[in-house]
């Protein structure tokens, strides 16, 4: 039987291994991203150099300056793209959450025929690849005159996110005991009040986690956005990235600068809500 | 089988100490109950014995080995958890046999041990069910069965009965007691229920705020509590405590009522004291209070009576404090009736008013 | 409440159903129809040219299509499993950390902030054989003195794509599994320790069964939107060279928009959708089974 | 998009007889335009307000995307029949794909105006007798960029002569280029040359080499003609370089951006590339070879013909445009002399004869620029456009995987060309081309 001392030594070895493993994993996760951040501050000549330049000789804001510069100086309407992205992502996330809450609540609280089939049917809509969807969707939206509008893209993203939000929120509402709403109703709430005042606050964390997933999906989506947007009216940042390409050239440094602008809000948001995110997923996961 | 020895055991989270240098010797085969209000450190102490919590200081011996840094698996203990901690994805049979399977025992041996444990705990018809399909009492028995199959040196129980209803609790209490008598294994049992502690323990360890207040047999801690905390914690209803002062060789209460100093106790003139008397030892005159060598009498106004069948509990006011008394020959007591009560002074206690320590001489 | 005499559950579900019908179902019906026509984007009149199951028969008889199909299944299998394992490892490591978890969890989700287009470009440049980051690093460290053609060699190209795919998506697994780890009741884990389990055994016999529902949820989510890998692959290799990394999506995307043969692309698309739905339903089944195994509601 | 009632067609035709417009001639007209986006192309659009002020019309840019996305959008538009916008960016390599989208400009643009463009460009912009676009100053043909220092080292020159029996000089034929590329290569740090390895890009390169070697890609009926001696010789050239390690091993995954970055990193000796990179390569902030870049006309093939796969951007007017006259006027304005001078001042090559002269003249004080212009002008003389079939892009998608297969050694040259030829033949037959 192992002695106390060897157990202590093993514990220490294990925690060292844990630290090293975590360090390596985090490096692998973060380095490619940080490489992009670094590139956005480096002159093009140093980015893809041979022999490689590991320690930057000079860091500057040229790519950013150019990006915010006027037409013809390498500028892209980045602030407009940013605004479009923000409007579209935030609105579609909120709407998807509302629709998802209604749907999730229905699945969690009511019994009806064909529930399981309807549920899987809703989920399966998410399985349709964007490639297969983009053209017919475009034709319909073109007929409806909502191509290149915020509305068209918002509608699309709501549809993209609803299955997942329904699922997650359904799982969450099942965790909220039915008695809670019943107690509230006895206390004089209408069913609607009971939902808003009691069940919704309890399920908040789950809704937050559904929200962050929906937001990130909308924020980063490219395939459909490239089809449904056309001009500064509605082009989002992922589509805007392609402004840095022309037929034969590609401005990687500029792309990186725009990418940094895309990543920062998402990162801040995630950092702020990640606690809820974990709590929400926890509830949504086990039962459901 | 083995004795368990705690020497100056400390548990600290950073600067916060939750267990303060506990010393405790548990003899081989002894049934020791750790009892105290929630947050007193009893569960933490048990978990340190189990190896589920790191020990911050002191030495822990099981048998003759220091086991401070050994993982639970090397301590040869078993534990019954408050929430049973059954493996939900395994059948009862798999739950029972799990530890033996981990120990790589032969199939036949495992089957035999499981059958045996199931017999003892009447689990045989449930062996193929999953925990989700069992009632609370059945789960409890599975948890115990899981503990006994491997014949450990020490059983650890962490509030095992707290999730059961009153009737089942009484029943399981008896089963645990029988089990101990049958197996003779050392048991460390944690509970916040003093009735469980009294009925089960060979010795009770009363804890508060990470310290041991008193160790003793159930009768010892009941009859000679070392302080007001133990006095009120052990026994139901809790001991009545009356604030007073020593004046002229007697205890003088706030309203001037004078009670003699209980025999075996003593305090200097003028000292602030607390007079303690259990409901069993204060009864209305004529209600069969067993006579003792020294008796006293007081008059009190009854506020409320609670008939319990064989006896009635009376709530009366004495010097501004509510006192609970018993009535062994029940009769209806009208509210506000003034009655004379007898007190068995030999069974009363005197504590220091500030520190709560018993003032025995 | 129900003036329309609709049951309340239907009222609640109606917004979801309407939106999904408008944005997904109707277009799907349209493209389903077009898969039976010789529809070419550049000639709208071909939409009315009914050719029956010709497109499906053509796909079924096209070796390139089946290679892409097989490769897609292979890629999905490898990527999903590796993502699951790595996500599991990552989540376990992060859950054991006591200080700075907030930061670590955010860092862990870092790749989720990257748009797939960006990831495509990023790894195309990182894996460039001549001036890419990886080869530069390997050569600087003296580990190799040849330019490894990451995006060209048959095995390496698939590896590079899988690497990029794993890089973006392991986070999803890690975050869900981490949530699972937090949700696990501590008692059974401690019981296992007392029952004599080594850390590995208690992980294997107790923690893992508890995690399975979370793992299947992650699997289901990922198999739902794994087609997003299209953006990445399209930019990194576009299925090449010599069709070595051709996947269903790149094949369909090229056929649909570059070749403008929408009808044929839709026929292949339907086969791809069926594949995706199969994976999803499979994981849903597994999820339900794992849940009932744990005796946790239906 | 209301058509202006009071303007007669005759008046319009009169107004178009010069590049100067009558004041407010299109007052009230709104033109919707889909223009290529990206830094290189957008400077020109700054001139649009000038035209608006001049004519009273309003131009609404309803789409601004990169080339490939725009292509996808046009196809989607055709599918959805949303083609009533007016002006669209176009490209000679893609134009043949949208036969029904764009109108013939011949009746809208006076012939004397058309004559001012480079004739070869106008020829390439004419499909089935329809002038579908007017070229802007974004003419592309590839010339040979090289590192000058490679040719100034006497030791190298001597070693080269000893090995190959002729003097080391900037290559004039593709065979010389192959010899030199193999000679200069020192992987993994330096490669003799590189080529685009996928999509339309490699097929274009293959195509121009086939032509330079005296062959044809398609017969006149658009049946495949590249499975010939010239075709084999051309593909063999790609294979040889790859096998010899004279090109980066990842070259079959390269597109134009990889090539540009590669040459700028200083690890590539000789690089056949587009004029758009000329400024980039000589910019010290972007390129390591700045100051060391030489530019020569594209080398010749075995038939003594220079390679010269060329293309150009331009603007077209849709068939469904409600006010074609105004649209044509805008297109003419965006490609007129002043516009082309503005655009070519940033580097791209013009497509008007006069502007060429102007550009060459303006570059006199800058030897690098002069060298660049000379090389591209020389190459441009014999440049040729892609085959004018609507199936060009689709055919390239069938051909390039086979070319890659041969280069990587999965197939022999003969097998690959046979497979590609069969596939293209099948495509043409399925579409009823012959």
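Think of it as A, B, C and D in the order they're written, each chain with its own count starting at 1.
The criterion applied here is as follows: contacts are C-beta pairs under 8 Å (C-beta built on N, C-alpha and C of every residue); 3 or more make two chains touch, one makes a residue touch a chain.
Note that this is a predicted model, so its numbers are computed, not measured.
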If we look at chain A and chain B, which chains touch each of them?
C
Taking each chain's centre as the mean of its CA atoms, the one lying farthest from the centre of chain A is chain B
Ranked by contacting C-beta pairs, which pair of chains comes out on top?
A-C
Cα centre of chain B to Cα centre of chain C, whole Å, reads 57
Please compute the C-alpha centroid of chain A, do the same for chain D, then give the distance between them in whole Å.
39
Go ahead and note the Å separation of the Cα centroids belonging to chain A and chain C.
15
Just how far, in Å, is the C-alpha centre of chain D from the one of chain C?
37
Residue numbers in chain B touching two or more further chains are 71
Indicate the residues of chain A shared as contacts by at least two other chains.
48-51, 135, 139, 242, 250, 252
Two or more other chains are touched by the chain D residues 72, 76, 79, 261, 265, 267
What are the touching chain pairs in this one?
A-B, A-C, A-D, B-C, C-D
Under the definition above, what is the set of chain D residues touching chain C in their complex?
71-72, 75-76, 78-79, 81, 97-101, 187-188, 191, 194, 197-199, 248-253, 258, 261-262, 265, 267-268, 390, 393-394, 397, 400-402, 404-405, 407-408, 410
Please name which positions on chain A make contact with chain B in the complex.
1-2, 4-5, 7-8, 11
Residues of chain B touching chain A in the complex:
66-71, 74
Chain A to chain C touching residues, read off their complex:
18, 21-22, 25-26, 28-30, 32-33, 35-36, 48-52, 54, 98-100, 102-103, 105-107, 109-110, 112, 118, 120, 122-133, 135-137, 139-140, 155-156, 158-160, 162-164, 166, 174, 191, 216-217, 219-223, 237-238, 241-242, 250, 252, 255, 259, 262-263, 266-267, 270-271, 274-275, 277-283, 285-288
Using the touch rule from the top, collect the residues of chain C that touch chain B in their complex.
185, 187-188, 190-198, 201, 205-206, 209-210, 293-296
